[in-house]
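Look at the two complexes coming up: chain A is in both, with chain B in one and chain C in the other.
Moving on, here comes the complex of A and B:
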């Protein structure tokens, strides 16, 4: 008996030892001795809530996704730059203007970098800004109702990548162009790049109370590719730092031709000084066209205005406000530490991570010792501005976030890992693999003066073998790591929408307490709202038929309509009379060439329907609302010709 | 043997729970007609559920309060309630004659609690099959609605 017991014990010890060995190898699988621990760290029990909200870029979906951390559960996809028939976004009469641009209606974009509004350098939970990369725009999402409230087009920009990156008190959000172009646009040979193409860096003012955006001024700078940016904080509050590459000014095969120079730049912009000069009337006014789309909470409707002028500041107008800091090899990320002193360049082809010093930069400027000037912009000396280099960090450093405890975390795209290093001596202290090819990474508040340094989340470019395969296109993926201890620990893989680029996260309390539950009926100023069932009606005006409809659990009023003719334009203005949380009603009618309506309590939405054949057609509620939801339906009769006199069931 | 006793006991217990869980509803619980209140409904001894435990109503109607209450009633209630006939919910023209002011106020303000607990409301739910939505009326407006319903019961306006 005893012998067999000790034999068993021996075996168990052996198994434990073996499993520890396989664990040390860290194959990233969920097995191993840590699996139970990892599961409990990300498990949010039924009915419990996550600790953090995370707002993740939807990449080429054009949207913004909302996740809970640490569970990695997806709560909502907020439509921003792309149409969304589920929510009627871009299809309802109220939201069509949101996607208007100087090029007309644009139903899609590529959204990369969410950034949360800040007060005193700390995320304040009011708004998320996000860039539209393809048709340059910045959107503002209101975090009380998780809706896009404003979209501003950026003229002269040709790829809004270095955007929106808020200043410390969200005085400004910024837009740097990834593609330089002729400004103003002209029909010239592409080979004239170096003499004719320019970069536009746009500063968009944000109203402190309403959040409303407005272009304050635009800087015209040499025709490089402007890539990513971060505003200064604390001592560097007045400055914006923006990375750029293609200082070679190549216009073809950039993958080779824009990778020649040993160093490109981080441009340091004293935005405070630029703003003062702009306010004094420096620079010139340029005629341009750009759309400014604003959603009004009272009318539940958006308007689009094409604006015509912006203020341009050239490098000659703002002497002493712009400097180039040489940065090794096509820098991508450009991240400022919580103290505001260190600026980390992610030289994606570099063998080191350069860390620039803001105070040294100021000294170098004071000394007046410049390597050269480019278009009137002094180029500082690399060594003069350098705080230190992280040596042998790995391959392909991209982005850096901070934990507020003295460490930085840099994503390494080529070597697929996160590298943790000390801000004191720039020594690497830990590294973990990511699966695979990490792009951005995010620590809640990790771009601010007050990081909540509990987790780092990797946003990967490739998932390969990590999930059940779904044909040629695989899910996109994020990975959650615990960074509360000395060693980073992988806790969870979770799928994301589109291609995730950057993300911002903050404690849930910051947002939850302000979350809107409904829209007040008595505050509804929609011009076609119907605020009580007695006022429902159908009105013909030429070939337009306006249905003033209400919805409440569980009927539409009116629900029998006659007198519509083939060729009419029927506007269904549906007001949801509910005044309770979580009771939207849907509205769908057969053959609609656009979408459904999804109407929140107290809201009015309008669907345009153009019936093409005669008959009697049903409409119904699409969002399950009560035990009698299936009964929530009605009919509209469509006639060929006839008097066109509309009638409906009067009570 | 033991098993049989246990299952019998369990069966009994379940039966008991089911019986207690069910509310005995009379057919007139549904307010089909505006009749005089039935015997059951005049039993005012029952417990008051919801956050309003006491409402002071005057011997006369406060016309100002009733007027503002009428506006609220029209916006937030008439999609489902008429004065003199059954619609989605019961007719409310003479509701003040068969329900206490506290019941009416709680039905408006604390709808979920009433649906969960009040036997009359449970019976109404069995008949009408539609849970009354909470329309987010504040206490002042709910008091106005009560006053409007008192006025309507008295004057038909």
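Moving on, here comes the complex of A and C:
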């Protein structure tokens, strides 16, 4: 009998051995002979554009990074859950509310899984949703201006890992908790896990036109760890599949104690049925606190609302809508093939890749033959639902995507490779090493009904010797493989920010054509906007001083301000009057305890400055805007006491 | 003049109405900061001067403050009020020519059209000269002997900008009007005397 510990130890030894082997044998294929061809495949000539956009999670950076594929060039890091003083994100008066939660202001999170909005099962280029794992949240990023427009906190969830996977027409994005907890929270012994802890699976409705999110209902299910999910498509449209581990319900040393069961589960949720029942008023309303933060495009400002109630559905409320499908051991991935018929599990400790059949699952449900019930949820028979198993696929299968040409690609963490296998006979047809220990992988559209199956990108967990070393903390990395032929070919390693977990990619045209060039000044409804230089002013109200300032090449107006006193709160409301493409202006003032401002054409941003000593202090533009950018500066005089009568220069 | 000739003449007159819908002249400004596809442009209509794309005029005016050029304000250009009247008068006269059906009148009309066109070009050059030469003495960028008059027709380098000045769609309607009148005049010549 192999214990989990000795199994893991064996795996680790294997990793070492495999990496040695791969170092020796792959120097040829990953460098030398193939490199000329590979270089031309990823070379995007100066001035040319990449074929795909790729949105890569920043992991513990909390952000979302935008890369071009095939070049692997980084274009932008979109601040989402973590503050970013460069862009003023979370520091400006306008964006502070975006990071508000029921716990107060949370300046950081751990973002894992981006998912793009879909229409008819195909990525539509409108929004990217991404989860905040630590303080459970879902964010929505608008792909016309690549900005975070909405962040919704998920109450009762204790770790938003199984999220935000979208349904076929983005009717819903889902949130499954990674940690089960007492619901509602209570001060009880941790050892009461199995009787008191529950898992919250939340369905968040997405408005078709605005994209706005709203919690429709939450399912309270047995206290397991819910891990990853995929919505069905085509025939399985109404269903959401979500993997879960720790079906042992361990509350300590989960490494061992949650690795005892030979099979855990994929929970199949008929979300359509749940939604209908919720609409009929089934279940109960629970009092909770959760923040809903929305950024308004017209006012360039966010508001945070603490919402108070959600609808809870227990397993008793939705009989016939939830089923557990057993799946070998400690599953991570739970991926639905383009036809919507096959559901692929990725058991981290499993020796096979199980491929479940949706139609067989329906038959098994119809037959009413269940292994057992857990909290009223029928457990189906593994064999009854099984389409087949990929045998000896490698070690540590995690996550699978599809090329739309009849093949699946599964990442193997422990044996550090991508395995390509056939959806017809479940036979492995190719394998290629990754450097090292791949987590998720991504094929553009590889989670959809119409994959653009040209590349697969590996998102690796460690890089060891692949790059120039940078001390103990090395770069993170992705790897691009060509999958247009029979054999996968490594084309490129490229560094990534944070830790790249999952990513989504789509053809560039889908997004490029809608990309905003600027904000329209005439549509600027910011309450402190100054739309022309003649209207600039400085207004005192008590100890608050509001500076209504404009910036345009190459000056601020006003640029001499007097009458500010030590102890005042100075609000710099800076409007960028430019209506020209790619002419942002910055604003920085000495001693600011928060950040700079980076103001896009037509936008208004506000920085709070609390001067601590008397004197004359400069402020300046931080974004090299023009030949006379260096001259774009001004002075503010700060006095100890005095009348506080503010004056400024008019142009 | 036979009915066909009158119709051609009338069409020639009416063709000028195209000037109310399309710019007659365009100036484009390309620079490293405004590459092809993102270049700035001014379209000159008989009744307006506007940016080729929204904001172009404001951006050109804003950039011109570096060299001390006056702002281009359509409201302060009186020609934009006269020109529509002149065009309407030419259309009216052209229709009268067609109604009276006298060949010599076509020549007079063509003369008026050419005269108006030539005057327009001269006036355009005067404006360009004024904008290019009467610069603010406190301008940020001052280069000895440098003026910024865009070409009347053609392409010229002005500092980092390549300025191109060419007729636009509306101008084709003037040409079409003239051409139809010429054809009407030519076809209506007395062919019985030639043998």
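Throughout what follows, the second predicted complex is superposed on the first by the 623 of 651 C-alpha atoms of A that agree within 3 Å, B and C clash if a C-alpha of one lies under 4 Å from a C-alpha of the other, contacts with A are read in each partner's own complex, and residues count from 1 in each chain.
By definition in this document, a residue touches a chain if its C-beta (ideal position, glycine included) is under 8 Å from a C-beta of that chain, and two chains touch if they have at least 3 such contacts.
Note that the coordinates shown come from a computational prediction; the quantities given were computed from them, not determined experimentally.
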Next item on the list: Determine, for the superposed arrangement built on chain A, whether chain B and chain C clash or fit.
Entry: clash
Margin query: By the touch definition at the top of the document, which applies to A:398: first (chain B), second (chain C), both, or neither?
Written below: neither
Check: Which partner does A:580 reach: the first (chain B), the second (chain C), both, or neither?
Finding: both
Notebook entry, point to check: Which partner does A:522 reach: the first (chain B), the second (chain C), both, or neither?
Noted result: first
Check: Given the touch rule stated above, what does A:550 touch, chain B (first), chain C (second), both, or neither?
Finding: first
Notebook entry, point to check: So, does A:607 touch the first partner chain B, the second partner chain C, both, or neither?
Noted result: neither
Next item on the list: Have a look at where A:628 lands relative to chain B and chain C in the superposition and call it first, second, both or neither.
Entry: both
Notebook entry, point to check: For A:532, is the partner it touches chain B (first), chain C (second), both, or none of the two (neither)?
Noted result: first
Check: Touch check for A:288: first (chain B), second (chain C), both, or neither?
Finding: neither
Note to self: Once the two complexes are aligned on chain A, which partner has more residues of chain A within touching range, chain B or chain C?
What the structure shows: B
Check: Now for A:313: first (chain B), second (chain C), both, or neither, which partner does it touch?
Finding: neither
Notebook entry, point to check: Taking 7-15, 25-33 or 169-177 from chain C, which overlaps chain B after aligning chain A?
Noted result: 25-33
Check: For chain A, which residues belong to both interfaces, chain B and chain C?
Finding: 552-553, 578-580, 627-628
Item checked: chain C residues within the chain A interface of the complex -> 38, 54-55, 58-59, 62-63, 66, 140
Margin query: Show me the residue ranges of chain A that touch chain C in the complex, using the header's touch definition.
Written below: 552-553, 578-581, 627-628
Note to self: Which residues of chain B touch chain A once you look at their complex with the stated criterion?
What the structure shows: 74-76, 78-80, 88, 129-131, 133-137
Note to self: For the complex, give me every residue of chain A touching chain B.
What the structure shows: 517-518, 520-522, 531-534, 550, 552-555, 557, 577-580, 583, 626-628
